[in-house]
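So that you can tell them apart, the chains are marked A, B, C and D in the order they are listed, and the count of residues begins at 1 in each.
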Amino acid sequence: MLATLKGLVTTLAWAFRKPVTAQYPKQHLPIQPRYMGFPALLWDDTAGEPFCTGCMVCVRECPTQCMKAEMKDNPLQQEGKSHRRKIIERFEINWNRCILCGICVEVCNFDAIEMSHVHELGGYARAGSRVTLQELLKYGREFQERSGWKPSNPEKNVAGVALAKEKEKRQPAAAASRSEPASSNPSPGKES
Amino acid sequence: MTLVVFYLLAAVTLLGAMGVVVTRNVVYAALALLLSLMGVAGIYLLLFAEFLALVQVLIYGGAITVVILFAIMLTRLREYKGVMENPQWPLGLLAATALFLVLVAAFLVDSPRMNVEERLAVPFLLLGGSLFSQWAIAFEVASLVLLVALIGAIIVARGEDSRERP
Amino acid sequence: MTTEKQQETVELLLNMGPQHPATHGVFRMVLWIDGERVVDVEPHIGYLHRGSEKLCEGESYAQIVTLFDRLDYIANFNNELVVCRAAEKLMGVEVPERAQYIRVILCELNRIASHLLFYGTYGLDAGAMTPVLYAFRERERIQNLFEAVSGARMMHNFFRIGGVNEDVPPDFGQRVRRIMGELRRGMEECDRLLSFNEIFLSRTRGIGAIDAETAIDYGLTGPNLRACGVPYDVRKDDPYEVYDRLEFDVPVAEHGDCWDRYWLRVQEMYQSLHIVEQCLEQMPEGPVMAQLRRIARPPKGEVFVHCENPRGDLGVYLVSDGGPKPYRVKVRPPSFCSLMPLKHLMRGCYVADCVVILGSIDIVLGEVDR
Amino acid sequence: MIGREVALAAAGLVALFVGLSVVVLSLVWLERKFLGRLQGRIGPMRVGPFGLLQPVADAVKLILKEDVVPAWADKGLFWIAPILMFVPSFMVWVTIPFSRDLVIRNLDMGLFYFIAVSVVSVVGLVMAGWSSASKYAILGGLRSAAQLVSYEIPVIMAVLGVVMLAGSMNLLTVVDKQASVPYILVQPLGLAVFLIAGVAEVGRTPFDIYPAESEIVGGPFVEYSGAHWAIFFLAEYINTFVVALLVTLLFLGGWQWPHLPGVWAPVVVLVKTYLVVMVIFWFRATFPRLRIDQLMAFGWQVLIPLSFVNIVLTGIQLYYRWPSWSLSLMSLGIILAMAYWQYRTQTAPAQALARSYSQRAYSQRRGA
């Protein structure tokens, strides 16, 4: 009876405390910075193109084979705006298959894919679970803007920095004066 | 009005009783019995024997029927074919007829034949008082019989139990 | 009961599961019952079979970790740990100390989370509906912490062969300390609510008892074995990671009944808190990942590694042919072994006890069926 | 003349039905909200302000749902069973007063009527269990038959204690007699027995053995759906409410409240009743479920003897004309003795065991 009374008091005490439930659609729980949401492709503002070169390493390393990628020659590289010789043409992630493990992020050599904070993945049709390049880039841009994402290897992967470096190598004297406008160029990618 | 209700109740009672005998499904029989007993309770009410009616509902309607149903459900998987072809049916018929005749005879010989009126209703307090003073011995004997039956039932149940689980 | 009797009495064959609120997943028990008594029971498993062991043979070592996440989906870190350790042992990798401490902290927190889930669902099995909500409230704190560390609440994929994926966030120690205070209060509350409740005691004391010898014969491990009085804990008996530097007790009970198993797990939660505290104090700075080639290629050979999962002794037998994928992976799942004595435990008990017994051995069907 | 009476009766029935539906809806809402708060949740919030319309939404959903009848079920019985359970819970309202005037018909044997009628609802449960052609349902039916018949006895005995004190089975008299002192103070033991047995009688936690959803997944109701299930649901909540109402009338002094005019009588009764209902919900939030054999043992070996003790104590007090506080003292003494006995036999050994386990904890390293 003693323990019974204790139990009764324990439950009753909660009647006078604040409930812990969050009312989900109205009230979102805070997302931790490292939260692994749906993978998204990132956008290189300095070149106005995705980071992704379509090298297929994520496709190969994905444990569930949820991705498809195709690459093409990069037109911007020919124009001299980018250092990437190849660029992604088509990319698709099937989010019914994706297990949000983050292996693709880990294996990516180009800082091109990141686990975004997108997590409300509900949909009405099965076909809707195939996410195309455009959507992935959209998620990626949102993620970049919100979280202040920084590339882990900018010298190799960010077009502006990499191009400047290349030029630095070629013309060490003129490098200092030229690299600045290149990196502060207004990016065409932001408009789309 | 009262007469109409009486005939209705009597019909319910008789139908229930018929159902008990006629149906082949034991659970239906138990439920028909419940119906019949409820009809009897209604007739008690018509006779201003409220207490008796309520006791009828409580004991027969609630407890007894449920216990019967309980027993039936425990033995549900058995087959009941052949229950109707009991070789003892002539004896049963004889006994039933005899009982019926005795009841009719009793009714004919000693019938008060008076109209039941509300003033005849026994007040509850009076009933209780007389039960515990005038009829105390009968009351105690009845409870003793029940007690013996209870103990017997327990012994029977226990014995079987211990045989099953040594 | 003799055979003749069995023919006479009508036994009811009751199919408990695969979809039943108390079977903790898709698990089916065929009960032969006599009234409310269970005459015999036959467990049927395999409804959640995904062929994990076979799948492992087609995946690289890094990918296997995600498969192990999904075995015992309530104690993911512990599962990741065992497969990472297996590969590390085969490769002879020395894991940086900081990574070991991080692993131990996360594993112990995961043990608490798992035991909290057990506490909640066990209350539910016994018919109390509040413990599960209180337990989930406490578990949520741990899950949030995990999310901050690994980015996922359950399927972390955080441990790597040779360390952990990432160093913990800078405010990790502070957060863990805060959570530990809250957890301790929450666990005490759980204790007040259920542990000594008279109804709960009468439902669990002396039910589903198993003695030490039988338990060993059936291959029970973990809390289920320690409840019978056998002080076997891999963390003590075959210390891995940094457990040999930590001071902690292994709770041991005596009777091996449902209440003992329950009580043991509750005590283990306190011990885990103690371990985490020490780890936080001792944790050195430094790298969290050993210097390795990107794609793990363990040398040809085989290895068996076991760790103390919340459910018991989780072992992995790994055979490598020198390639990037394992040749064979065999898991010794503690839940599966815990299911073994089910007949022994359930024969002669009541139908209601079945639920309580099944809850008390704390199985996870993802691990049983693999 | 007769036509008018019939019309009146029909109107009364409709009013009763509507009133009871409102009561049930409010109870459903209250239970979900209150349980939620006790568990650190907030309960339903979406439908209407504070989720007030949630039970209405539930009801609409239930009525619109397909009413599935299992192919092997005994269709007639399956169909009739919910009604057989519902009718008695409806019939008891004939004699339950909300105030001195607000009663359909005040029977002289009101309490006895209540007990007699409410027993019949067991038949409905048993029938539901039998006719569903499901083994869970059969087990549930068996359990309900055993449980409800056994717990009827302590209910009757606890009521008898009150009847002895009041000297009447008329609910109005019983309430009137409590004008100065409610019987909760005179007969705490009676209240305890009545509340426990009443909770068991309506099958609520910790005595929800027959619907035990973690064991036999709903017992007799397992195969029911839609409107049929709703009727069971309705009956269950009405029964819960009736038990709480009887606790109010028998032990809490009904509409008696110091310095409150008679107009407030129904309000006082309702407030008290809802408080008792909340206590029952509170039990649900706190306790695990008993096992069927423990339930039977508790009923026959603890509750029934206790109720007899209660009657004997009441008889002694009445016969020797001791002051009424002597009865309260005796009652409390018995309760405390029971509590101590339970502590000695259950809690204390478990705690001692727990202590010994923590001392046995295996801390030394082996073979290091």
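Assume a contact is a pair of C-beta atoms (placed from the backbone, for glycine too) under 8 Å apart; a residue touches a chain by one contact, two chains touch by 3 or more.
A quick note: this is a predicted structure, and the numbers were derived from the prediction, not measured.
Chain pair with the larger contact count among B-D and C-D is C-D, by C-beta pairs in contact. For chain D, the chain with the farthest CA centroid is A.
Centroids of chain B and chain D (each the mean of its C-alpha atoms) stand 29 Å apart.
If each chain is reduced to the centroid of its CA atoms, chain B and chain C end up 59 Å from each other. The distance from the centre of chain C to the centre of chain D, with each centre set as the mean of the Cα atoms, comes to 40 Å.
Chain A and chain C, compared by their mean Cα positions, are separated by 34 Å. Shown for chain A are the residues that touch two or more other chains, namely 1, 3-4, 7, 10-11, 20.
With touch defined as above, residues shared between interfaces to two or more other chains in chain D number as follows: 38-41, 138, 142, 285-287, 342, 347.
Within chain C, the positions touching two or more other chains are listed as 12, 35, 130, 137, 193-199. Residues 35, 38-41, 135-136, 138-139, 142-143, 205-206, 208-209, 212-217, 284-294, 342, 346-347, 350-351, 353-354, 356-358, 360-363, 365-368 of chain D are the ones touching chain C in the complex.
Remark: chain D residues 34, 36-42, 45, 282-283, 285-287, 338-339, 342-343, 347 touch chain A in the complex. Contact residues on chain A toward chain C in their complex (touch as defined above): 1, 3-4, 6-7, 9-11, 20, 32-36, 61, 63, 99-103, 106-107, 115. Across the complex, chain D meets chain B through its residues 2, 74, 77, 107-109, 112-113, 115-117, 119-120, 122-123, 126-127, 129-130, 138, 141-142, 145-146, 148-149, 152, 169. Per the touch definition, chain C reaches chain A in the complex via residues 59-60, 62-63, 66-67, 69, 130, 137, 140, 144, 147-152, 155, 157, 165-166, 169, 189, 192-199, 294.
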